[in-house]
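Down below are the structures I want you to see.
The same chain A turns up in both complexes below, where it pairs with chain B and then with chain C.
== the complex of A and B ==
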């Protein structure tokens, strides 16, 4: 089943890009950059180009529940593709209360029109989650509880993208004691595929990358058991961290701004969650790859992991932690099976340090080092 | 001094929900008379997230991360307010470099947030995208070159932009421009100015992502960069081995370069566009003033030296103006229980003793969602609220009993009244260019202009503050974090602190009570709580409400005028409605009285 809608009134992405003064060479350059980013290899570039040239723009309804709008802000930071290209050339962002010109009745009419005209053929993007307390009246949009809005738009969507940890897992609103009963999207929707794109916020190029993948290949990305696209959430930050060699060598920042911090040593002892966080920060980087928290001296908080807010204090190292819910492999999640991963990480460190002592030199970064 | 008219709800009720192009969820209800003039205005915050209760019992060193999630648009500023509240409570003194880097982060936020607000949240209130199709690209080029030396201004450039819009509009898929108010008689710009503005809408969207890279350098990511109690997380190493793992010369050069380009973009694009567009909308100096000619407040921001909160150390001064008397600036003390109080008579919360305001150290917020007699819910549709009863998730904060306007306009007017030369020069220059008197500031147009002028001020100061940081490092100081009081064992058993900030949208305060190493109470009073406030115990209307009064509308079913004035405040409702009580009271059922 195609996720794209066919209508004689729409034109292709490539045509719109061309009309924007993007010439053929630039267009193909863009396609090969996307192919590299998506890990598709050289042949992927042609597929992307072809898709852009023949497919019309997909209507997207972007709803906001309980959230802080960091996901929208992240989205417009995307450098490849640029947000303006996504919004004007790749999708048809027909409803997004943060950016749309219309308000009130004129805005609300669009929701009804899209459902009517594109039933089963639009993408629903949801930023934020749904408060169920108070019969849903803790979040009112267009005079109605957000849960009603979600129900009616989800029912006819082709697929749902749950942007950010709020929509995917509940995030800060759902942290103890979750006063509004903030509830993730996937728990409220049946019969329509939900793609979780966690992170507080997610990396901009991950957001646009997932959207572009769906448009290009006309299919949903492969998901793990937490419904996260494997292409971006399949590996831990620790596994690809450029400071990993210092971990293996037993070189740690012991306290803020110490000599180790000035040397760029490993932040594990300051509570870094890199060893238990599945995300692309240490590979893709943030804001066009300028940095990511660890590179700027700040331990990873694990902001793309379910329930990370209740795993503080953030500056306690992992082995002091209780109730870790993530196993070594994202496909092996099971709360019942969560057996003291912190201790395992500690053991991993001990092994690395012992190796250093035995070898009398730094280990190289090739140690796969699964903590469990 | 302006006297506010009394609300008159006898006319036709018009409801605008959602107000779009803002952060969060806001509803406005108005009554218009038979000439379509707004005679009653009701500001309704329609979301509530409960972050303050979630902060209870947490480690105070983690609080910044939770508090930062109050808002992802003004990202970082809630983290800073939180750090300052904890550092105030524990008497932590931060290094000079940390103060400079925090100022750089906030100045970057001002420039970026104001730019995005102007082009992507506010411009479509003034710019008719469809009209740009009729523009003459050559004349557009002439216009652009007459107001700025910005290089992207050739006839060919504007012709390409126009072709792009034409094709986009011709596709029938209008995306975010669908159902806009195109052709509304309120749009006054010539087609060429519209085309120029649309071109810059796209350029600004591209450039804003460059600006935030300064946050990425020092905080690892944007939105939501990382911070730390006692300083900043990024260590400095410019001389030695290992510098590549710290803030080094390459990183500093990146920051210098972005600061320079930011100053260039704001000077050559934002401010000239702002003044050009404003010159076609001078009638908007008559409307939207509200409280701005009466009550304004700022907590002060950009301390020059670290750990010194005296007013002469602040780049933007602290103070309040009451009753329009610019000759007297009142002192503002976040810890004085008589200065700042919050009321809930018209908010969906309840106090043990309603009608009495509470200082944030004693703040409580128990949800109480119910409507007054004139309010209606039809199945799951909120038809109308009743402003004589409770009607908003925003509380009503008051300074010495008065509703206040906060934000760029408040800051500039207080700076102007305090005789700050840099601010006077900036404001006087713009007033002269537009040929309007000082009183023109107290309006929708004045508020929008003040934000752009402040972006200029922030960009200029960003460049100098980056230089100050480099000079301090050159002088041999590379400290970025104070760690003496990092361990909870070094803290007193109980401590209280207040963290001040001037967020892009205005005065922001966080109040923390720490007991036995954990957070016992946490309260925030944020800019949009001030501006989007409902009525209070004495029936005094809020800032948005006051600003809408008396505005004539061309067609109330296409509420462009309401959007102009509300957007001029840059609403941020996630900020305003994050509240929840300290005791985690059970949530009551919905009551429809």
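== the complex of A and C ==
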């Protein structure tokens, strides 16, 4: 895979696709598909096609830190465009220790070569985060702490894509009490733009869409305050959920197998995180648009949100407040406070009334004693 | 000037405490708070599922409308009240800033505490806000209100989207917490703070009116405080 990128002549993505037997019709079809997904409007398709025919391919280094590889699993199941097309032709994925056949020193040497040959011109994709505790020995890649590998490669990268909630926000590794001090990529990198593509894993089409955008237009997509591309993370699951009508109507699944569940009512009461989760699941769907959690009757867990592991319980609407006991939530704390104040008010009122009554009797007695 | 203790003995002339904008704000605000608490509670923990044709039902929709509409009025009212703190009479700013650095205020505070602990025989008479009630207002009303308004508009920004003025003005709230579920949690805690406030506020006012030596509830209606011996 690296022969193509290392030859001196500039090779475009379109040429590579052609050499892979993808005909022009399929190529243009792919460009239209991407233009639609990225929301680029009617001229978008032509722009993508032209960019792919003119611009040289950009090498992508794909590193794996502290992670579970679910992002890679998702990525290789991309159906639009097909993963094989993406990996083999659209981008030159020069180094991905999970996907590539090579291993050992030779494979590791590719990283150094890319840094040398494409200084400031390659994209670094990072899956997983960096455990900083104990000098980083909780994640050793190629015999060295992952932290040092990340720092070397990040320094000369054009941009960094933080794949998945791990790389973007920390995910389960960084959940309280975070013993390995797992740290998101954006907190470790300076001077190089970082794009967060959260999700556990992110949707395959989102991943390929973002790569396509960056490679064809040679710039970052529009990002929100948490560095997520607005085109895919601009709206909440709730806003585009096909069960939204049931939410507005006040029709909820009350328990897992009731009539509401069979009718496909809203899963809000069972802790659906759709109203606080920014992702494209309810529009793009998973597995070639077949389904997504809510469509399968399971509430959204909010996996693409920061600290979602610490915002449990997953199947309850109100977030837990462990500070007040392991199973308490805002309502329990609030009700306890309100009941406490109610009791205090009641007691105070009773004592005040009793005292007034006593005083009244005393006053009456003294009035009778000395009539004035 | 704010709080000032009046002599314990003798007849005292009625005093004008609250000007009409303050009173209007108070009662409109009270109504809005009730609507907000009820609708807000039901949004977080909805009623049992409504049965019937989905297309003809709009239960959560109307609840959310009531909540969002009254919430925005509440915010406007709050803004007005802040403005009125600067432009109202000598008592109108006390809600936001008790004069705790003044001896007259701290003396009054302890006198009120003693009175509420039933240690004083004669209820203190004063002009301005009751220092204890003032502290409760600040801690259980003003600060939670500010927090509900901020979190509320930040959550509204989620609905209206990245291009909205709400996001432009309150989107930074999202950056503070990262996960917007925290906004909901804070908002919910503020709801309970306001419930606690409503209970203690009404009790203190009515008790002062009944057992103390000056009017409270009618003062908020007429603006004039009358004193008993």
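Criterion: the second predicted complex is superposed on the first by the 307 of 372 C-alpha atoms of A that agree within 3 Å, B and C clash if a C-alpha of one lies under 4 Å from a C-alpha of the other, contacts with A are read in each partner's own complex, and residues count from 1 in each chain.
Definition applied: a residue touches a chain if its C-beta (ideal position, glycine included) is under 8 Å from a C-beta of that chain, and two chains touch if they have at least 3 such contacts.
Only a predicted model underlies this, so the values are computations on that prediction, with no experimental measurement involved.
Once the two complexes are overlaid on the shared chain, A:221 sits clear of chain B and of chain C alike.
Of the two partner chains placed by superposition, chain B and chain C are both touched by A:265. Legend: residue contacts after superposition of the two complexes on their common chain; A:276 is shown touching chain C, with no touch to chain B.
Judged by the touch definition given at the top, the superposed model places A:317 against chain C, while chain B stays out of reach.
Greater residue coverage of chain A by touch, when chain B is weighed against chain C, goes to B.
Contacts of A:306 after superposition: chain C is touched, whereas chain B is not reached.
In the overlay built on the shared chain, the residue A:247 is in contact with chain C alone; chain B does not reach it. Once the two complexes are laid over each other on the shared chain, residue contacts for A:169 go to chain C alone; chain B is not touched. Once the two complexes are overlaid on the shared chain, A:235 sits against chain C while remaining clear of chain B.
Across the two superposed structures, the residue set of chain A contacted by chain B and also by chain C is 265.
Across the complex, chain A meets chain B through its residues 9-11, 15-16, 19-21, 57, 59, 64, 66-74, 76-79, 82-84, 87-88, 91-94, 96-110, 131, 133-145, 148, 171-173, 175-182, 200-201, 204, 243, 255-257, 261-265, 281, 286-288, 290-299, 301, 303, 309, 312-315. Residue ranges on chain B touching chain A, taken from their complex, read 15-25, 27, 46-51, 53-54, 58-59, 61-62, 65-66, 69-73, 75, 116, 120-121, 124, 129, 160, 163-164, 166-168, 170-181, 202, 205-206, 208-209, 212-213, 215-228, 230-231, 233-237, 240-246, 254, 367, 369, 380-383, 393, 478-481, 483, 486, 557-559, 563, 574, 580, 584, 587-590.
Residue ranges on chain C touching chain A, taken from their complex, read 44-51, 54-55, 57-61, 63-64, 116, 118, 158-159, 161-162, 171-172, 174-175, 178-185, 188-189, 191-193, 195-196, 199-200, 203, 207, 211. Of all the residues in chain A, the ones that touch chain C in their complex are 169, 224-226, 230, 234-236, 239, 245-254, 260, 265, 268-269, 273, 275-276, 302, 305-308, 311, 317-319, 321, 330-331, 333-335, 337-338, 341-342, 345, 348-349, 351-352, 355-356.
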